[in-house]
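Read from first to last, the chains carry the letters A, B, C and D; within each, the first residue is number 1.
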Amino acid sequence: MQKITETIVKQTISRRKAQSHKGTYGRVMTIGGNRQFGGAIILSTSAAVYAGSGLVTCVTDPINFASLHARLPEAMVISNQDATSIKQLLPTMDVVVIGPGLGENYQALKLLELTFSTIQKQQTLIIDGSAISLIASHHLKLPDTHLIFTPHQMEWQRLSGLPIKEQTPRNNRQVQEKLAGTVIVKSHRTEVYLATSKNNWRNTAGTAAMATGGMGDTLTGIIAGFVAQFADSNQAVLAAVYTHSKIADYLAKKQYVVLPSQIITHLPEYMAKMAQSEND
Amino acid sequence: MQKITETIVKQTISRRKAQSHKGTYGRVMTIGGNRQFGGAIILSTSAAVYAGSGLVTCVTDPINFASLHARLPEAMVISNQDATSIKQLLPTMDVVVIGPGLGENYQALKLLELTFSTIQKQQTLIIDGSAISLIASHHLKLPDTHLIFTPHQMEWQRLSGLPIKEQTPRNNRQVQEKLAGTVIVKSHRTEVYLATSKNNWRNTAGTAAMATGGMGDTLTGIIAGFVAQFADSNQAVLAAVYTHSKIADYLAKKQYVVLPSQIITHLPEYMAKMAQSEND
Amino acid sequence: MQKITETIVKQTISRRKAQSHKGTYGRVMTIGGNRQFGGAIILSTSAAVYAGSGLVTCVTDPINFASLHARLPEAMVISNQDATSIKQLLPTMDVVVIGPGLGENYQALKLLELTFSTIQKQQTLIIDGSAISLIASHHLKLPDTHLIFTPHQMEWQRLSGLPIKEQTPRNNRQVQEKLAGTVIVKSHRTEVYLATSKNNWRNTAGTAAMATGGMGDTLTGIIAGFVAQFADSNQAVLAAVYTHSKIADYLAKKQYVVLPSQIITHLPEYMAKMAQSEND
Amino acid sequence: MQKITETIVKQTISRRKAQSHKGTYGRVMTIGGNRQFGGAIILSTSAAVYAGSGLVTCVTDPINFASLHARLPEAMVISNQDATSIKQLLPTMDVVVIGPGLGENYQALKLLELTFSTIQKQQTLIIDGSAISLIASHHLKLPDTHLIFTPHQMEWQRLSGLPIKEQTPRNNRQVQEKLAGTVIVKSHRTEVYLATSKNNWRNTAGTAAMATGGMGDTLTGIIAGFVAQFADSNQAVLAAVYTHSKIADYLAKKQYVVLPSQIITHLPEYMAKMAQSEND
């Protein structure tokens, strides 16, 4: 396997051009957050904003509007029951995230199906958490778009049919080819199987201090922000995976546990360092 | 074009007189924030408070009350459906901002019309975002008061009829004269066409790290706070434009993206520096 | 007039005794915060907690519960419509604050009357803002308890009948004697007329950077916390007035405007310094 | 009595194994927070998350969802009226906390009874605050599970029948034996009576700066996080008691009062120090 290192991040995060505006840095929609798991979509949405996406809209249960805006006035919100607005806005996005805190009930299924039927070919769809489980349990047909799956090992077992012990690079790659999307299998050393390259990648950063709820939701937001902004999608995915873990490694020097919200607030500073050393 | 530099900020922000109270530093009303765009009015209102306005009242959808107060207990709130209170309080204000997160539906139009019919001749009205689009699409007659428009280039196209490529100083000035208000065309080098002076101004500060949602909403709040406090309105407008970008430039030294809420929290410190060097 | 200086603060804030519990440091109830002015009661309540009161309960419109707890999980809340709970809990308090953001409508008046009829002789009642205006406009009879009034100059005019120009120490003292409570007339040099002492006091701290909304609400919370904790009520009042302004003076060295919420977060540190130098 | 010192904390908090995930560090459920006391359960839940528990679910009145998530997106929430979800999820937890801000009305009693009837033998149940009072007043039969009681002295009087003056180690131990659970009697020098050891322990850390509301709620969350993560439950309890007070001692060097939320945010750093000195 190829190693994911800081070199990729430095290659990916480039200095911004002076003549640009918020539209230049991509539109992201995050879909999830039912009544029980609102925190998950707050983290994913916050990560997309702090990672530099220019415009971020969060589709969630209205019970989560106040807490989201209390933390992040920079994002916009749409009710997860407002199918009309979703259908209208979703096609204008560069990247859509579905899954963080989505849940697995009937309403969640309908929202996932609406997303699948509305997404356009040129868009990128990041599928996480409950959305992965719903696809597995309901044998949903995947849409024809740029797909990125971000399962942890148990979710990957559900989607791929591979027990954790059989999740070898070779087996993972075989299932990836059927899914026709990029697959990110999250673990203490996350693996990435890119859809448009035969190389398999393994993360070299990461710490047990990250083993806490909301960490995966945060990764989806960083991936969304990076893919929305940077030219090369594959590099963006790899750089996001590394960035997420590397900030945690840094914080873990002084913290027993690293909270997802702490990683998020450190994104702008870490990214600035990487952009400045782009030509080193 | 004249250059907007720190000199203007130093001339504008004067040391406060010992014998003063909150009424001395102006009353500001911010109107906007529907169910979808609540964050925009939170940012605009916060900027007005941190810029030093003595008393700030936010008119918004009640769904935004909790998030606004969680971030900013210093502001007061009124429901955007409470026409009676708006009619009663609006004429007591020094500056009114309308537009951030207002939206463009029927309710937004009614609120804009209510504002136009209530505002008094001696007050200042800052018109931003959706309010600009509503004026353009509904051909609304402008009220007779001190007007400040803060369009980005696309909104300016809608209002002026000038395609972005034809937004030259000469053309912009011609439209400004018809509007009879100050026009601030936001871009990576924002331009200001003052209503009561023939000089055209271009900002010398600003960074691509500012290209993110909510940045314009924040500028309106700073302008409101400055106009409410400082004697010379033209200087106040120019100083606000520079201050907003200069703080971002400072933060961008260490951050890849600068969030509007971060600019807001740095206002008191930057303003103190400017006031202290007033006679340098 | 006597000068209020740091000496009084050092005399007042004593080191805490090892053998103590939260009940030792007093129970405070803050009453106020209608739908429009929720921020005021959030500030007052926060100040009481950060000033060291052991147990603080906030009586407010339920619309303010979420924002209060988002900022201050240390406080308890009761609906301002829950007369039963108020009647039951109010007599168990050491200090009650009424007024910050209370408003002046019929519901506010009823709440004020309920407070007047429930408060006990040995308790301290701090009367601020709208509560002062309501007393003046409705000629309410004051309850027989330890009263502290905290009007700004306009509110003092309403309550005392003295135009601002005639608010001389001699005149103020005369009205104070009729009110039979301590009177704190807030201005850039706040004056204190103690109920149980003939000395008149003037604050030596304070800055124009404090001239912003919510500042008075914050002072009431600090007074409540100090009176609830410290043995000598008169000293507690004077020390609170000075502490509030002195922290602002300190922050104003680097800030053009000082926000009430910033003063609040600095209370524990300033108080620690004063307690440590108690015997200097 | 044995002394609780930092040595126990160092022995308890071990470096995390690289190969781990959020499930490795335990599932915690916190139950409490009615309409009046929502802050208590926010503090308890936050403490469990910052203490390192991998997955934390808060069962509370839905009025507290927004404030909880505004502070802590890392936690999940369930309505305290959703008995179905509680019954389904509670048995999957490692540790359950019941009591912080629970209140003592009929609904609180039903929730306590539901918890008692649902909890499994191998789980740990921490009983705090109002839950202790409810057991005493309703003579509830305790469930057969690992029990930890965290009364302050007045609550211990209610539960044990011992007046505060008679709460000697010998008497406390006798009642503890009947309860068949670990008992933590909170005071300025908290005492611990472990269920599976005859040693009695007294805390050597703690400060009068901790005498403020919400402090006990915070302790329950730390205990829950430690018991969920660390192998030896008795050590985990002792280490949690010390950690809570030791962080407060540290903060009290510069603060007159230490707020519970400040202790919470310092947990990851203190725990990292202890883990690093584990072999010193």
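Here, a contact is a pair of C-beta atoms (placed from the backbone, for glycine too) under 8 Å apart; a residue touches a chain by one contact, two chains touch by 3 or more.
Note that the structure is a prediction, hence the values are computed from the model and not measured.
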Show which chains lie in contact with chain B and also with chain D.
A, C
Are the two sides of the chain C and chain D contact the same residues or different ones, given that same means over half of the numbers occur on both copies?
different
Average the CA atoms of each chain to get its centre, and name the chain whose centre is farthest from that of chain C.
A
I'd like the Å distance between the centres of chain B and chain C, where a centre is the mean of that chain's Cα atoms.
34
Can you tell me which residues of chain B touch two or more of the remaining chains?
66-68, 70
Touching chain D in the complex, chain C uses residues 13, 16-22, 24-25, 49-56, 62, 65-70, 72-79, 85, 267-269, 271-272, 274-275
Spell out the part of chain B that touches chain A in their complex, as residue ranges.
35-40, 42-43, 46, 63-64, 66-68, 70-71, 152-153, 187-188, 207-209, 211-215, 252-261
